[in-house]
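Labels A, B, C and D are assigned to the chains in the order they are written; within every chain, residues are numbered from 1.
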Amino acid sequence: MTTENNNLEREEAVVVALKATFPDLTARVKRIRRVEASVSKALTPSVLVHAKNVLGYKALSHISCVDWIEDEHFELVYILWNPDEKIQLLIKTLISRENATMENIDTIWRQANTYQREMREMFGIEFPGFVGAKEFLLEDWDDMPPMRRDFDTKEFVKEAFFLRPGREDAKDVRDTIAKRSKEEIPEFAKKYSREK
Amino acid sequence: MEDILKLLGGAAATMLLAFVVGATYGGLVRKIIARTQNRVGPPWYQNFVDISKLYMKDTAVHHGVMQHIGPAFAITASVTVLMFVPVLREGGWFPWFENLNFKGDIIFLIYMMVFGSLGMALGIGQTGNPNASIGVSRGLSMMVGYEIPFVLSLVSVMVQTHTTSITGLMEWQTQNGWLMFEAPFAFITMLLAILGMFHYAPFDIAHAPSEIASGPPSEFGGKYLAMMMTSGSIFAFAKLVFLVDVFMNGASNLVMLVVKTLLLYMVPVLYGAVSPRYRTEQAIRYLWGWPVFFGIIALIYSIYI
Amino acid sequence: MDTNDKGVRKIVDMITGFARSNSLFMLAYGTGCGDIEIPPAMTSRYDWERFGYRKMATPRQADVLLISGYLATKTLKRVIRSYEQMQEPKYVVAFGSCTINGGMYWDSYNTIKMLDHYIPVDVYINGCMPRPEAVMSGLFDLQEQIKKGEANGAQKYRENLEWYRGNQKKVIKNWVMPEYNW
Amino acid sequence: MKREKATTLYLGPQHPGITGNMMVKLKVEGDTIVNSTTHVGYLHRGFEKLMERRNWLQSFTIVCRICVPEPDPNEENYARAVEEIEGREVPERAQWIRTLVLELARIGTYLLWFAGQSGSAGLYTMGQWSIGDRDYVLDLFEELTGGRVYHMYIWPGGVRRDLPEGFEAKVLQTMDYLEKRLIQYDKLMFDNTIFQKRAMGVGWIDPEKAIEWGVVGAPLRAAGIASDVRKDDPYEVYDQLDFEMGHATTSDVWGRAQVRRFELEQSINLVRQIIEKMPKGEYYNRIPNPMKWVVPAGDAYVKTESARGEFGYYVVSDGTNKPRRVHIKGPAYVHAMTLLEDMLKGANVSDVSFIMNSLGTCPPEIER
């Protein structure tokens, strides 16, 4: 990856512009074409609206969610794209893990609908006022939201599904195949056999 | 008594011939399409294997009486159409193939050809599958599309030759030459109409798998599907023989029959192999465009010649 | 003619075996990522129509259910439904390691691991993903089985329906399905 | 009382017209769709959960399985994200090889798309041809990587192995062949009046709203908006290569078809350029023992232009030997959900799978 750190004027300008409107927010340039801003939960919708309508971040590229179970919060990352300036803006916000709720931004970007449906299902984050079909990827799921860090998928699998047992006899697979097809095992293969 | 036996034997032989040739054509068509697609394709007898396998399959689905009657209806209609088409010309190698032909039957055939599809539509309506119902409605609207040029072409031929009987037409052709050349506009109209009649692309919207899951037969498996395939084979053969009779003066022996019908069959098949399908309204717009135009010209031509 | 006569039976079996094995209609249901190797197998490079295989659009017309890869629980329900709508004789060919033992999704919370506990499988094809040659080789194996009359998964399903149902209901919680009665 | 005229039509999940394993529930009045809902989840494997349990290198086998038709952009994205977090340098030759692989993958996917687009319109011959030709591209992959579909070739720090001997000549040969075939494709599909009639004016996206609605890739370029990650946010060596974006203004299926047709040609040119300019040298900046390989804490958002649009990866590391979070956003995540639902309102039932194909719908990347 070629990271040219010499010409970051446009990125710096974005940081300045963001800070001018929202003094509370911390922002920094990550690398060329990537700007990162940390915002408080309450401020997030207004920052998003400002970025979209004033700063020209028209496209919503992505909404991601990271579960920081040690610090007891979720980190929501709104990733916006400015098609004119060609800059990607990452707006990060922390929300509490207990009774997690977040502002609905369905009205700002229509496609946020899908992301919010996924987050509601996978992390259990509620969006007050958000209308969207309840089930997205899972069907009849009654366990913990699966993308939370404390959901142990291995334990769940052991309970819910049948697991094919491994080869307990630890025999060489060649022998099994040969026995089934009633073939003679060639001489050279016999020395690899574990069954002595 | 002997005459009746001969007639019945002839009818049975015709049916068998129609099925064998029709199903072979089906296999050949699959092979030819495969060759245009850079593939080897199935063996020529593949359709026989398919049909016999389907007859051996269980059919445990019951949607009602009409579901059973529908395919039977279709097969009856195809056989009836076949029975009224003289397969070989008089004085050929196999005299018994001139089955039941009597004067005044083109109009009757036009009616009978629709009959099978209507029967199928009734049977499919009973299954309650929305895909099938949409397919039927599309198929019926397509039928409205191609029936008009089809009828126009036949009417102009009938006007030109002053007869409505197929044998009459064939006699006229023996004296005056093939109608293919004597009534060229009618023939062009018919060529365009059979593109729609044989349900190959671009007029296969009624069976489009990517839209309505193969349409009308989507609820029919096993014996029903086999019956539909049998009926389709017989019907395709009957239609081809009818067209050969009308425009190419029939055939006096089996070899000529196969050559002529296959040549005619290649028109929709090869055109279909390289065409995407029209939407319903586009298809009808197409069929009511140039084909009807040529049909009217054919009618005027036949009146003033 | 005595239909129980051994010679007659043998000839009948031979004909049915030939017809059934040489005209396999697959159900066009791409259940998983293995579905990407079906188009090459169908098209000009490998051309499986040579052997009479064909893709059908609806379960009513199909003989073979190709399970192309892992099954999410949500798909499993649809697969069972499709399988039960198919008419006998019907066969299941499962391909991809993920149908055998979960493959690389062995610890995934949303995919089943052993397909043969939910529907009877006649042929397994391993690999992730199996090449078109492997798929076709598996289908040849199925053809051999049909000729010998060994591919009787559907019969197994009918006879052990309760066991299968129990397993299926363990995974599919909201069970709204019509009764299986053929 | 008003009688309900609309029929409910389920397009999928078992349906030959649907792309992959998903379902579109349609409310139909006659032949017109009044309402549509996309149902997904039939392919959900919980990849992102599984990655939390695998170490950084083990996750590679998972990443490429996210999008079946085109796995390489995923590998590339993930490798690049890891490299960005770790600050690992990639040798120059490796970057060129990666670009070559990406372009070959793009060609393969476009050929597959030709089949989907024409097959949904009933032109099966095109699909037979183009998928047969796609196999020649897969043969190249097989020689290069050992795998036909899943390659696992682009690794953090470079690529897994160097180009085999005589590989360049084979690539050029295949490109020449494909270029010749393209003329025949034109005759069969793009110059076919019936195909044009089917495609023109169908599946219109409002160009003014397109960016806001999250349209990416060929559909966006077909709406007259020049947007290509290869140009906007150049990665690997795309800034040293000479190519043009596809362009159309009609914003319908026909425009998208033209854009893709043009870009296939461009990709063939790109492959030739890459082979001409490729430098010699190292191909792999070796990573430490994968089991103990620790990536420092940090996050990165990287994106790639795949054949169907923009692929974005948001990767977070917490400084252990396993990724904290890998969140994948494929183009279909927006295309097949909200956008498709909006577009299908008022469309004809015949055009559903046609439109879906033109948007490059691919359910595995929605569900992961």
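Throughout what follows, contacts are C-beta pairs under 8 Å (C-beta built on N, C-alpha and C of every residue); 3 or more make two chains touch, one makes a residue touch a chain.
Predicted model only: the values in this text are computed from it and were never measured.
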| item | value |
| --- | --- |
| Identity of the chain that, by mean CA position, is farthest from subunit A | B |
| Pair joined by the larger number of C-beta contacts - A-D, A-C | A-D |
| Whole-Å gap separating subunit A and subunit D, where each centre is the average of the chain's CA atoms | 19 |
| Centre distance in Å when subunit A and subunit C are each reduced to the mean of their C-alpha atoms | 35 |
| Centroid distance [mean C-alpha coordinates] between subunit D and subunit C, Å | 30 |
| Distance from subunit B to subunit A - Cα centre to Cα centre, in angstrom | 58 |
| Residues of subunit C engaged with two or more neighbouring chains | 28, 43-44, 57, 59, 74, 107-110 |
| Junction residues of subunit B - those touching two or more other chains | 37-39, 131, 209, 213-214 |
| Per-residue overlap in subunit D, given as positions that touch at least 2 other chains | 15-16, 41, 44, 46, 49-50, 53, 128-129, 132, 367 |
| All pairs of touching chains, each written as two labels joined by a dash | A-C, A-D, B-C, B-D, C-D |
| Subunit B partner contacts - residues on subunit C that touch it in the complex | 15-16, 18-20, 22-23, 25, 28, 43-44, 47, 49-52, 54, 56-63, 86-89, 181-182 |
| Residues of subunit D defined as touching subunit C within the complex | 13-16, 20-21, 41-46, 49-50, 53, 61-62, 65, 68-69, 112, 115, 127-129, 131-132, 134-135, 138, 148-150, 364, 367 |
| Subunit D residues touching subunit B - in the complex, by the definition given at the top | 7-9, 15-17, 28, 31, 118-125, 128-129, 132, 188, 192, 194-195, 197-198, 348-353 |
| Residue numbers on subunit C that touch subunit D, as the complex places them | 27-33, 35-37, 39-40, 42-45, 55, 57, 59, 70, 72, 74-75, 78, 82, 104-105, 107-111, 128-129, 131 |
| Residue ranges of subunit B in contact with subunit D within the complex | 33, 36-39, 130-131, 134, 201-202, 204-205, 208-214, 273-282 |
